[in-house]
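Quick heads-up: structures coming right below.
Here come two complexes built around chain A, the first alongside chain B, the second alongside chain C.
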Partner chain A sequence: MKTAALILSAVLAVAACVFLLAPLVVVVLASFSPTPVFDLPTTGASLRWYGRIANLEGFWPALGLSIEVAAVSTALALVVGTLAAIAAVRGALPYADAFAALLVSPLMMPGLVLGIALLQYFRAVGFDAPLAGLLVAHLIVTLPYVARTMIAGLSRFDFTLIDAALTLGCTWRQAIFKVMVPALAPSFLIAGLFAFLASFDNYPVSIFLTDVRTKTLPIKMLQYIEEAPDPTIAAVSSLILLGTIVLLIIADRAVGLSRMAGTSD
Partner chain B sequence: MPVTSLSRRTLLKASAALAGTVAMPSIVRAAPKEIVIGGPAGAAKYFNESVFPLLKQKLGVTVLYEGTNSLTNLQKMQADKAAPKFSVVIMDDPVMIRAAAEGLIVPMQASAIPNLGKLVPGAVHLDGMWANYQLPWAGIAYNTKSGAPTSWADMWAPSHKGKVIVPSIQNTEGFWNLLIAAHLETGKPLAEAQYDIDAGFRKLKSLVPSLLNVYTNAPQAMNLLEQGEADMIGGQFSAYTLTRKMDGAPVDLAIPKEGGFAMPSGIAKITGGPASDLADAVIDAFLGPDVQQVLATKAVVTPTNLTTPRPAGYPDPATLFAPDWGFVAKERGKWAERWTTELL
Partner chain C sequence: MADAAHLGVKGVSKRYGAATVLESIDLDMARGELVTLLGPSGCGKTTLLRVIAGLVRADTGTLSLAGRDVTRMPPYRRNVGVVFQSYALFPHLDVAGNVAFGLNLKRLPKAEIEAKVRRVLALVHLEALAERPIRALSGGQQQRVALARALAVEPSVVLFDEALSALDRKLREAMQVELRQLLTSIGATAVFVTHDQEEALTMSDRIAVMHRGRIDQLADPRTLYDRPATSFALSFVGQSFRLSGRVVASEPGLSVIDTAAGQLRAPKQFLTGSDVIVATRPEHAHLGHATLGPGDNSLAGTVSNVTFQGPRSLVEVRIGDAFLTVQMPGRSAAPPIGSEVTVGWPIAETLIFPAEGEP
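So, the complex of A and B:
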């Protein structure tokens, strides 16, 4: 009986993985299509769509902008989110739980609602700087990932270690950088990774805040699909997939994927 | 005061990040001669690849192109009326009529745009409010494996059941199916049938079992056609179908025996838009032989400038039916409602 249940759960786990990965496999296969039809290739393979990417109109600026926005919003979110997490965990704030919930609340809100709300708000207060607006929006998108991870990381962190370091002759600054930061490094890495990816592939919020001069990669990719239904977009998607896998491998080497998925301890 | 030094450091980091933000190159990217044009998404590829480089070379102007569908661009123009972002807009005639009625576009002057006087008859509308810079032709797009349709009635054939796609009435090309349905139902010539929309809806209702999909987003429909999921798309047009054929997709465009149609691609100047002189120069170039020559081959459209030769094999625009777009513009809102309540 127990064996049967184990086999069943293993089968279901494999089926779930296949279900999740199948669309990605289709996209990757379609990217090697030798014909201009977005279809599974049956007559050989070709790299022509990868060759086209470099010459796509507006691709490099869009990629650059996406990386810039993701990097800057992640950096800001790491600073702000960590401080907020310290306040939530250590600050003896009244209603600390409510505060922590508030910090991660943008995660619960549909992106479209957030996007429209921000657009209306920026217009209402007369804030008309597309890039800065986009950054603020992405800070809101990335902050919950950082706050959530850092609250979890800090609640496992033994703050008496700092006292111990101070007793043993460290200055306050040394105690922070030699004891607290290294102990929390995995949390920083995980938070940063998720925040970066959340910003990099954000569409629903960005669509309301980008204009003709400021277009992020996801916005541009949807535009490419509207221009021609050829496998170029599959090639771009496959490269992004590859980049994500590389990032995950690095994170696995540095921290361990089980810790990232929250399945350890 | 160790705590203060920590917060000062964090503040410093944050402000460095902010400074980095402000110093980002994207902000200072603005080039001196720049113009924003709104237009159809489907045209972005050949505009960006062939037309805009030509404009850059001829006029030294960098074009920023906002490609989406006509009605979305109209909404943007309405929203930005007080401070327009576009200088020039490219839309189909029925949407131009609404833009003109709302004062969003301004008449063009032949003194500033000399090519206005060199167009085929009927290409300039409402005393220069907008002009047709190209005439794509519409018919039935089909997958080459399923064979070319010879009559619009083929869309109703049982052999194509569940394999026909039509555009939504929200798209300009959505009107062709309604028009041809009215013609098939009443037997009246197109010029009369175009006002008998009730008959059109009656006939279209009998097309529903044949439908695989109704599209507002052409690439998705074209993908189904290219993969062979669909046999044909009624009302599709040359600038989209034949550019895909040119790229090697297994599709073609048939002009059935009842006739094909002329798509109305217009260009207009935005009321109070930025860079007025540049806008005139860009519109003049779009109406001139150099750009139209490029469009004829790259977009597979009939030129409207009299000095631009029509490539061999292209239909004579005089043989294509051009409907009463004023009527379409006036009634389309009602049709869109009937479309969703009666057909879907």
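So, the complex of A and C:
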């Protein structure tokens, strides 16, 4: 009976992994396809689609813009989100729980709604700077990831560490930078990683706020698929996947994946 | 006076809103002295410790440390070492990194820092663990690291905030003795905060019993135990037998008190008619008419329980609505439960306090 239950749960776990990973496998396989139309089984492998990436019209600016927006919005979110998290955890605010929920709420709002709302709002107030608008939107998208992670990190942080640093000779500023920031480094890393990825692959919010000259990578990629559905996009996707895996490995080495998944403290 | 004290606390008060946490605290400590702030939670002992450390600013009063006025000095310039209840070790640094933290801030030469870290780690028997990360240490080891970190900067005073309370009982008792020897050997001046009377008695040259933001009594352990200044100090340190009553007659050096259980005498003059509490330590009490002398108080009671413990028996006697546990040698026959007995103790060992302000 017990063995049967174990086998069943193992089968279900494997099935779930297959279900989640199968599309990725297909994309990676398709990127090595020698023919413009991908079918299984493949008849050999080719790197020709990878070679074509660099020549995609507008690819480099889109990649640059995506990285720039993701990096800047992540950096801003880390500062604002951490300060907000400190206020939520330590500020003795009335309705601190409601405040924390509000911080995280964009996570639960459909991106589409957020995108349309921001578009109309920017129009209404006469805010006409596509790049700045995009940054504000991505700050809203990334903030919940940072706030959530930092609230969790700060609730475990022992603020007596600051007292200890002060009595050992630290000024307030030194106590923050020599003790609090390094002690919270794992939380910062996790928060930053999630925020960066959330911004980098955001489509539904960005689509409303980009114009002809400012297009992020996901938008550009969808456009390519509409124009020429060959495996070049699969190759781009595979490279993004590779980059994400590398990031995750670095993060795992630094703080451990189990902490990132929230399965242990 | 003030400049003779190594640590001088004068008239320190602290209020949080309507609540008075500290009320004109005075405390002078000599160099090398070990003093415990003893009291129940909420008595203000931790706040006083944090005022001394500079983590809390007092509303009134002055503080001097090692000949300097530190009243308005921020904590990072006071040169104090604090061992926190949670230890507050820096998780991103290893053992040596934690111990070297304060020394690095002083910008000492690297070789000197390393030598000092080694010396302090040897002092707390942790030389072998210098490279360990903090999370790989047991509670007792973390406690030692916290102590080493506090001592490394050679502070003018070391402050312990319930620092031993997280250890299990056996380790705590061993640590009390070792810590006292260590601090005495390096001539450290230290203030302990605790609610554990045994820890206070073991560790301190003097104990300050704190109650509702005041120091009820500041005395060496023996005086505190034998001659508690207030009924709170009496009840907080050691066992006691207490009865309330009213003074019916008095002369210099003697009061006669009527209690519900009978008439008692105490070796101190109180105003006739005043409400008092009369008490004694149980170890002064003995059973039976035969042992009574002219200098004894005596009361009649009923044996309510007898516990045989090998070398001794504990005889619990109900007197009125109070209980007094009398020790007898284990070999002598204890009276049966329910029997009427007479309990006596010397008048000289009778304590008397005014009843006002009793909760």
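Criterion: the second predicted complex is superposed on the first by the 260 of 265 C-alpha atoms of A that agree within 3 Å, B and C clash if a C-alpha of one lies under 4 Å from a C-alpha of the other, contacts with A are read in each partner's own complex, and residues count from 1 in each chain.
Keep this in mind: a contact is a pair of C-beta atoms (placed from the backbone, for glycine too) under 8 Å apart; a residue touches a chain by one contact, two chains touch by 3 or more.
Note that the structure is predicted; figures quoted are calculated from it, not measured.
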For the overlaid complexes, name the partner, chain B or chain C, with more touching residues on chain A.
B
In the overlay, answer first, second, both or neither for which of chain B and chain C A:Asp252 touches.
neither
Tell me the contact category for A:Thr171 with respect to chain B and chain C: first, second, both or neither.
both
May I ask you to decide whether A:Ile225 touches chain B, chain C, both, or neither, giving the answer as first, second, both or neither?
first
By the touch definition at the top of the document, which applies to A:Thr160: first (chain B), second (chain C), both, or neither?
second
If you stack the two complexes on chain A, which partner ends up touching A:Leu76: first (chain B), second (chain C), both, or neither?
first
The shared contact residues of chain A with chain B and chain C are 171
Taking the touch rule as given, give the residues of chain A at its contact with chain B in the complex, in rising order.
35-39, 57-58, 61, 64-65, 68, 72, 75-76, 79-80, 83, 131-132, 135, 171-173, 176, 211-214, 223, 225-230
Which residues of chain B touch chain A in the complex?
2-3, 5-6, 10, 13-14, 17-18, 20-21, 24, 26-27, 29-30, 36, 41-42, 44-45, 48-49, 64-68, 85, 217-220, 222-223, 226-227, 243-244, 247-250
Show which residues of chain C lie in contact with chain A when the two form their complex.
53-55, 74-78, 80-82, 84-86, 88-92, 101-102, 105-106, 149-150, 153
Partner chain C, residues of chain A touching it in the complex:
158, 160-161, 163-171, 174, 179, 182-183, 185
